[in-house]
Amino acid sequence: MAFTGIMRPGHVQLRVLDIDEALTHYCDNMGLIETDRDDQGRVYLKCWDEIDKFSVVLEPSDRAGMDHMAFKVATEQDLSRFESRVKDFGVETSRVPAGELNGCGERISFIAPGGHRFDLYAQKEQIGNSIPTTNPSPWPEGIKGMKAIRFDHCLLYGNDHDETVRFFTEALDLDLAEQVVDGDVQIAAFLSCGYKAHDIAFIRHEEPGKLHHASFLLGSWEQVLRAADIISMKDIPLDVGPTRHGLTRGMTIYYYDPSGNRNEVFAEDSYRYPDSPVLTWEADNVGQAIFYHSRVLVDSFMGVVS
Amino acid sequence: MAFTGIMRPGHVQLRVLDIDEALTHYCDNMGLIETDRDDQGRVYLKCWDEIDKFSVVLEPSDRAGMDHMAFKVATEQDLSRFESRVKDFGVETSRVPAGELNGCGERISFIAPGGHRFDLYAQKEQIGNSIPTTNPSPWPEGIKGMKAIRFDHCLLYGNDHDETVRFFTEALDLDLAEQVVDGDVQIAAFLSCGYKAHDIAFIRHEEPGKLHHASFLLGSWEQVLRAADIISMKDIPLDVGPTRHGLTRGMTIYYYDPSGNRNEVFAEDSYRYPDSPVLTWEADNVGQAIFYHSRVLVDSFMGVVS
Amino acid sequence: MAFTGIMRPGHVQLRVLDIDEALTHYCDNMGLIETDRDDQGRVYLKCWDEIDKFSVVLEPSDRAGMDHMAFKVATEQDLSRFESRVKDFGVETSRVPAGELNGCGERISFIAPGGHRFDLYAQKEQIGNSIPTTNPSPWPEGIKGMKAIRFDHCLLYGNDHDETVRFFTEALDLDLAEQVVDGDVQIAAFLSCGYKAHDIAFIRHEEPGKLHHASFLLGSWEQVLRAADIISMKDIPLDVGPTRHGLTRGMTIYYYDPSGNRNEVFAEDSYRYPDSPVLTWEADNVGQAIFYHSRVLVDSFMGVVS
Amino acid sequence: MAFTGIMRPGHVQLRVLDIDEALTHYCDNMGLIETDRDDQGRVYLKCWDEIDKFSVVLEPSDRAGMDHMAFKVATEQDLSRFESRVKDFGVETSRVPAGELNGCGERISFIAPGGHRFDLYAQKEQIGNSIPTTNPSPWPEGIKGMKAIRFDHCLLYGNDHDETVRFFTEALDLDLAEQVVDGDVQIAAFLSCGYKAHDIAFIRHEEPGKLHHASFLLGSWEQVLRAADIISMKDIPLDVGPTRHGLTRGMTIYYYDPSGNRNEVFAEDSYRYPDSPVLTWEADNVGQAIFYHSRVLVDSFMGVVS
């Protein structure tokens, strides 16, 4: 592939209050797999169908939230190229040395206009998904709980919304795939590396740097039901769902990890191409945009961030 | 998106013996939508979730088969660039003027080593999918039959297999995503523009230029069952399925159009990235590679091409 | 079968404020089929997989609610037998002549202790489901909207709850399949003719004779999603769902007809036998009993009846 | 419920060549649970959603096949009543003492005209399904493999077909639900205790007493796919599927246990009532009747019995 630039969401580092409770949640209940730990007490996780060493880093902390989200770029040249473009946009960058996260190459790190830290990297150790590359079975045995397939995207609340979206589209080449507008004001922007309905999304907010949710992919609407059942069986605090989004058409359920970070598991029901038109939801339809069935904006969903 | 190169399968032009029977098949039974006709008697079709004017062209003929398959490239610059690279590879190219197919821009046309004609183009009229771009519903009403979502890929039988694969990977930048090998001999190659398990596939064969099947996407395994029911209810000749492929993990069913062109409808169950490892199926497991459940190579499936 | 007694819910007669709006709702949106009208202005409907002439009667009225629900008994002897047993229980009965409802035989009619009218009948004209009895296809073409399969049950709010349950189990031989209890007080009773998790259910209430919902069967959780999409696409007032009940394990969504009668469509996920143990939900778990995922008792769901 | 007579298929005793291989198959791969063993070396199994102590008995033997199938009747009175009626039909009966099978009450035993042994019993120890009767979750954790829900029915090949069907309908009160006919000759009869499309089925055959398959219920077509995947992953010999039957509309897959006994797992897609019309498949459509999609009678499926 003559692919250049940002390839995919690579990982999210989440702050958690209690690492054991977090591991019960992410591993036993959601099905992620622990792949490493480091001397900072961070624990590295991946979903079963991911080839890289990790897609989630749990960082012990006294407060919840997202430390940073990272994207994998295609090449080292892309890394340097984006470093320049980010600086040219007026955003400071720093370099994080290879190995600061186990198995991850050198990273470019910066705070986007909305107050969130993002990293870019070109190399991460590949340990393979949980099935062989020769004569693979369609799925592995022994995966637990919800059997999350991959870390998919984050939705973030931040200030300086317009500048954030301009930064991601102009400096990082993401596409605006879908948006919510109130007259001339964009309330929400769903941005894509290329083929998915969203790889990251931003909501206009008064505070900088907030996490609304980290999202993980499931295989079908039936698996969303199974996740919903597990949420109740395991006393996981539910936020909303199961339901469908108007935005992205995703079939979804939201809940909280033990530290109060919101998670989503969802099944995809759409795709896009780089030349797909931007889809727009108007403020009058924002309820339907977010929860297509109920059309009701749930207070907790709109207001709680970490 | 900083996307360059081949973006997606754009259309397939199929030869059909009887245009009315073909329309019953593709429109009434599979759910494609007629969008235009031309003075050559060709009929233009699209699936409901495609934004371009057409993805299938039915060409009246006295024999079945594929006239050509076309890919959409990102820009006019890509078109010229690939024209040079195809020539440099040693393959002759010609230019097909804009408008030769209604709504399609200028095309670069060439015969790949395996004997199939391929076209590249950078422009095609967009008429939108069947739902609005503002406040879209998740699916449109009134779509018929199997409700195919998009034209997805073709699988082709041709000679000069190794050269074909080298051509597609070296001159056109596709990735080898998955393969079947018999010792050192590659039997089958599944090639990707980037994110799908396959956008085109080739099987080593003694004859040039044959079509094994043109494939269309469905939304779920339940929709594959519904398609299977329709196949029987409408007396459509079934080839194989419903079942799952080992290759690509797709959930699938095969059948023939009234002219003898094989179709597939399938639901995806995987994804890949440009840095995903090549998946390899060995000759001993070729049955499982092709039909994961039965592991049996059906004679018609292996032998019948158009 | 050596079957005796009450065989199944036969029909529900619902009062509607506007017959045309009701027909759009029940036929176009839910997929029922109009089979007859009478000179009282009543319209007769059936679901596609029902063999009897009707399972829903829409009665023009100035208020919403349930006129009566009727059960089919196996034989005329059963009809006489239940007439005696109902009288012996102390409930007055009357006879409704054959033909009062088009195609329906003579009925025994009575007001159960909770204030609802029920009828029993042994004969109803069979017009067949929408597929032939010889070489039937698995489903018929042309069914609209949600494609409801059958009228399944009603849930009723009424006073004199304990007497109602005693009446249905002792005089009519239904089984108590599942219940919600608050200490020694039964809050809800789910009663079965034999093999389904419920054929009728009662909730303890201060007012007599109220309808909570009339429920219709769908084929799968995917069809519940499709119904949920239709609810939003057609501006049908949603109550709750899609979700799962703890009680009966059903996968469900609730909404209102244009007159304010609540409907449910659901997919079954359990079965029972006459010797299955009674399942009990305790008051502490009543949220989970009703909405297994959210565990939250929605005010509208608990309070609105017609 | 005023239920009388035969309530449900209660268990099947299968002969297996190697008990350990059989347990790997039925427990690890299909998800049944071992509940007991006896001094004859028999192992007792149940599916997770069955309340009785066992529904499958594995009997060590030097040949495969069905020792007997048993039905549970509603009461001890039914047991005596059927004993008389079976004798009156001209079939000899014997009594098997309570406890001959662990936890099972006294049985009436007889050889039906087609050469198969059937038992009737009114009592079997209930140990509950794998979830509590108070505040039950919708499904239990830890169930393995295909997660079979219940033993559902057997299909048997036997001689004296017409007499067998007459025996089951006249002496045992089952309903003829569905049939395959070739002119005046009935090829296959699907018989129901009342509400299911079949509780037992017979195929006209030259030999007496053969087992075609023992069938187990799954929850959805997606679970049939998962079972199909497991069949290939675990090297279980597949017979046919996944596909749909025309007969009963069931969504199905067939395979063999290590001894050569054929199993089916399937998801239901229909229901019936005692007054439903008999559905008839004609010989010209027998392919579609059996495998609705392929319409092809597979030799192994038609010919192999144990």
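Chains: A, B, C and D, in written order; residue numbering restarts at 1 for each.
Following the convention adopted for this analysis, a contact is a pair of C-beta atoms (placed from the backbone, for glycine too) under 8 Å apart; a residue touches a chain by one contact, two chains touch by 3 or more.
Computed from a predicted model, the values in this text were never measured in an experiment.
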| item | value |
| --- | --- |
| Chain whose mean Cα position lies farthest from subunit D | A |
| Contact-richer chain pair (by C-beta pairs counted) among A-B and A-C | A-B |
| Length of the line joining the C-alpha centres of subunit A and subunit B, rounded to whole Å | 31 |
| Between subunit C and subunit A, distance of the C-alpha-averaged centres to the nearest whole Å | 44 |
| Per-residue multi-chain contacts in subunit C, two or more chains | 137-138, 220-222, 229, 232, 244, 288, 292 |
| Residues of subunit A defined as touching subunit D within the complex | 137-139, 141, 220, 222, 229, 232-233 |
| Residues of subunit D that touch subunit B when the two form their complex | 221-222, 225, 228-229, 231-232, 238, 241-244, 251, 253, 288, 292-295 |
| Residues of subunit C defined as touching subunit D within the complex | 1-8, 49, 51, 72, 74, 126, 128, 133-138, 150, 173-175, 192-195, 219-221, 244, 246, 249, 269-271, 273-282, 285, 288-289, 292 |
